[in-house]
């Protein structure tokens, strides 16, 4: 049976990873019909939602973990996979357990978690630092200190793409790294306006201000173009999720040799557990409904998980798979995960609405130097004081 | 005239029946889609609908938030700046080109094709090309720099203060050809004798255009204005393709705000509130005009 | 072509060997014309014969391909229209629609930087002459056709020029207004005494207004003469047919001699040509066309002399003051104009006689008057 | 309004209490009109008076606001145009540009699904009558104006109807063609004998063609009579001024008695009213307007009787067959028509006399004829 | 101006012989004009400059699409390609990847044709009938509907997506080609109807009256009288709709499914699926390929377009 699967994985590494999913699914005797929509979730999600609400749903679709599909589930448009989950014992294999929880609504499971992504990575180009004549920094402060030297060598110290979600993500990374796990949890999780307005956060904004200065001259839009600047040594570094690793890999770069990765910016080795999940709209066609189950199990299949996550650069959602082939950075991530140094991702903590407002603030902050850190913090507080 | 049996006036509903039947698509579109859709939008702008429309009313909350949002204010300002400039420049450039084309020049067809072809391209394409040309690393800036002016800076798409002009350049490139065409058609429709009279009166060419011809072309300007203005209000694709609203939110426009909040932020209520504000602005300007232009007047 | 060189000295407008072609279409060819000072010259011809083209050449709105134009003995062939000392009035009025009447009148003067007081004086004078003072503050769209045309004339008037050019100024008006404005233009000419060149295809306008009429056909002037000559002694058949309403009757036949008298013979019937003022001998056997205007054919009581024939009434067209009878005779149908009070029944028999002193004979080949 | 009820039986078209408004503008109001079988009725009036509106109501192209329309004694007020038994000819010809002449003629018949043979017969007959057989294969753009109008008439002809409606069919043609086609339409009516309603604002057309003329002013019929009556006994001043070209002269003054005779006195000068055919007693002191047509004022040699006055020539307008003199007398300017051969110099003195049997007196207030 | 040069020999002869010519000395015939008069310099200069502004992007697109990536990275965008390669075109047409599909634009091309042709036909058919009814068969209220329609032209499409999704869902047309055709007809309707209405109003009313007297009804008059006379406006309308629908992205992506995505969606996918560095040459080739159809339409029928606009569109 042909199943149409929509997603927004179109960059090189992502596409290669999707190919693995398709391969695994096609092996079950069905056919993966690829419905990629380029241009990130912002472009793709309205289309997916329109099609689901318009009564012409695809068979499966990507969403981020968390609250993006909440209402579709509520409206009964998504398929309930509780039975399959019980049969295959997803609660035992999926780790951390929070992932499956975010697929659960009123006790029923509506999605299949696919991978774990964490935002908390600083990617550094060894070449760039060599060229600038400074040592590859070990943490955020060293990095900030090295910025002038990089600039002098004609290298952009920090690559930040123009898309709003990149600066917003960067800021959340700074919050965890500079502010710490508690502050992060209080602000993003509890929406504590007082903490948001506090001195700890002011420090975070100070760091964001530094990042803003360091990012001047990036002039690219897409995250992977920014990553590409790091790969080619045009930029010193980039704060980006572990998916950036896919790009390094595709470019044939070796962790530790060509590039360096610092989880938690080398300050606070904590990672957040965001990720992608697949949702399955309710279909009328019986054969397709059946095939949906095949797809769901194949997604969680241990082999698929390994193949997919290796290509994608993310971590598998199963704790029981062998990732011998993983590179240094990935292994570092697995270690942190094993230690339980995790925070819930922003996708799960805040609504899309709040997320969008944050993005508006952050992208404006990074683009426009006339907004001071204090001003930005004030607006930050305002957003959280109203957030639900 | 009681002597004659007066066959009653036939039922008004069935007079002109074919015309009414043939107009059903138009009536349905007007009422269901445009009017119904608008009312629907307005109604839901008073709710706190998120991903899916829900009738849980929250009063004016969405509007309060809307006017509190810096991004919305920036969008409005951008639209105002872009709208004014785009109107002025489209009309001026379009008219100037049309006036030049009207000088009995050679290669008129060639020039016209050159000016008109961008109109055949979508905003997406237009945005891409101009993003490329205005890119400081490859485009105009780097070319000029490589010619020796190393301090030359021209990076409208990466400078918050002037990004809207970068979009304007592309928009004018795409749209002025059509304006030129409309103006040219208008110029050609002007009585030859007016030109002759002006020449006999010894009125210089530019004064003739300014004081006589332009005022005579009012209907053409009105049509053109409608076309340009409807394009301005709706501008979206070009911004997305060229800057995605960036840098930051510097080139944001209302239509993009609406779209982002409806689909990205999954806050339909907020998106509808913004739409309603846009519709309101349009209605205030357009409805009286449209009524005068098409409603009140009789045939011709 | 028609005037001798000596006339040139006193002429107000002279056109020498003028040719004009649009691409390959020759509209005017080797045209010569001298217009005297203070003369009212009417250019008359059917649509498309080149009248407007000629007028536009004189005004400088079209460039001739060949030839010269003199105004007041100055060669203006290459001058700008504004420097030629002409004013022009157009059929479509060509008023500037968004300006008031006053602005319309003064716009050219203001552009020419003429002092304010002088402008006011001229506008006052022109609007006085044309009686449009009450309209000065109105816009053209608020005026009737006749008022608009008056303003258009005013715009030429304020220019204080020697030569006025009119291009069918009355064609867009209805019959009543047309005849009213016709009289006004005539008065204007009598008062101002400047040269006027007036294009029309309405022969009544031509006949009533002109000092001389130039009848044009496809770019060539057929006859240039005063109205009476044109009417009574048309140079050729074209002119004869073009002028006169109801139109001249034409009977084709040939010349013959009967009893020593020249006669015109058609379909076996002969008409004596006694009294005909021929410019050459009437050779028998020559194929000719006899032209007689409806008022120069007499019926019944009006007959004062000449040969009397009998005809049958085909149609009667009462036109108020006159009555037009269409009579059948010798295989021809001819129209005869009689008083409006005299009525005939269709099919009635009438006697008719030609007034040969007023008739014209044309060669069947060349169509020139004999 | 004007006809009695007994006429109704034989009438071809009857209009009863017809009113029509466009929004708030009342164009026609309570109009009554009976047109006899086979009559040629001309609707005459100035532009915008509602002639076309009335015609369109008869044709069914406009819906009346009030009233009824009968054609051949059938109430057709709410019938479709095609079912009314009418044919219509328009000023702009309104030929279908993409069809040949033949197709143009047969379009209506084909729409009505009339058998092929019958269509051919009717087209052949119509094109025979109008002599347009050679044009059948051409498109309208390849025809001259006159030919186009002939085809337009043909299109009405093939419909084989009782009533023909013409809306200024000749206005777009030049003077020559106009008079030619006028004669043809007259012939057509004589041959077909069906009812024709003909709208025009050209009085010559009205006078020559009509059996009866209805003169309209702002939606109201002023006078409905045969042409001679309309011309000689106009019901009111409007009709008098509207009909006749050159227009009737009007002198305002008052009635008086001098030596037992009724006289008309104006600016201190008196004109005896001997021979005037009054419909009511001529009471002295009543303010009146004297109307005299240019051909009913005699000058110099033409004077056969009546009081003789002296006047001065103001302007002379030669029009070929006639000559129009504008004479100044007693503070009035009046036009007088004389023969084309008689010429006067401007400023010359002439003697004039009114032909009071042909004059009209109008009450100054009501403007009705006395 | 040197008069001795501009005076032809004939005027010299005129002085000698009476019969030769009646011309006097002095200017005659056409006023000589320098080809490089200041007027010409201004007019052609301005037009040339404007043409440059309009042509540069096309030039950049073409040139870039013919360069290899290394050359793009080095050189400036205006320099002509040192080595012409058609690789990017091949890639854009047949190989560029979006997700797993690596068949470039080729698939989208036929989808676009399948969408554009019926949409153009249906929308023009509806709009022309509407315009005809509005111009010739007015009924009470028709102007009100029309006014709403015109105001509708100002509504941003994004705002209407939700209501339309709901309407289409209720009609069961969502996701089908019919649904998309309907959407294009709806959003093309305001401007198209305006064009047709203005055109039909400008046709002589008497023609319509004559046809009614001839007994033709609503449809007969439309098909047999009005349609054959409306070529100019049909051309304008067809050009506008073809380019509009061909270039549409939003409806194409929202109201279709991946196997029927039009070319613009493919283009967006190719351009936005950045794999490593942006392949500008492939993007430009894809852009040109996508724009080719409307461009050809304009190059071929631009003259008719202007004539049609003059025939009806500009009359209010």
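Per-chain numbering from 1; labels A, B, C, D and E assigned in written order.
One rule holds for everything that comes next: contacts are C-beta pairs under 8 Å (C-beta built on N, C-alpha and C of every residue); 3 or more make two chains touch, one makes a residue touch a chain.
For reference, the UniProt names are B = Sugar ABC transporter permease; E = ABC-type sugar transport system, permease component.
The model shown is predicted, which means the values in this text are computed figures rather than measured ones.
Touching chain A and chain B together: E. A count of contacting C-beta pairs for D-E and for A-E identifies A-E as the more extensively joined pair.
Ranked by separation of Cα centres from chain C, the top chain is A.
Centroid analysis (C-alpha atoms only) places A farthest from chain D. Chain C and chain D have Cα centroids lying 27 Å from one another.
Computed from the mean C-alpha positions, the centre of chain A lies at a distance of 92 Å from the centre of chain C.
In terms of their C-alpha centroids, the spacing between chain C and chain E amounts to 51 Å. The set of chain B residues touching two or more other chains comprises 259, 262. Among the residues of chain E, those touching two or more other chains are numbered 161, 268, 271. The residues of chain A that reach two or more other chains are 46, 53, listed in rising order. Contact residues on chain E toward chain A in their complex (touch as defined above): 97-101, 161, 165-166, 168-169, 172, 174-175, 253-255, 257-259, 265, 268-278. On the chain C side of its complex with chain E, the touching residues are 5, 16-17, 32, 63-68, 70, 75, 77-78.
Within the complex formed with chain E, the residues of chain D that make contact are 56, 59-61, 80-82, 86-88, 90-92, 94-98, 107-108, 111-112, 152, 155, 159.
Contacts from chain B toward chain A in the complex involve residues 50-52, 65, 69-71, 135-137, 155, 158, 160, 243-244, 246-250, 259-267, 270. Of all residues in chain D, those touching chain C in their complex are 46-47, 174-176, 179, 182-183, 186-187, 190, 201-204, 207-208, 227-228, 231, 242-247, 293-295, 315, 317-321, 324, 326, 337, 340, 343, 346.
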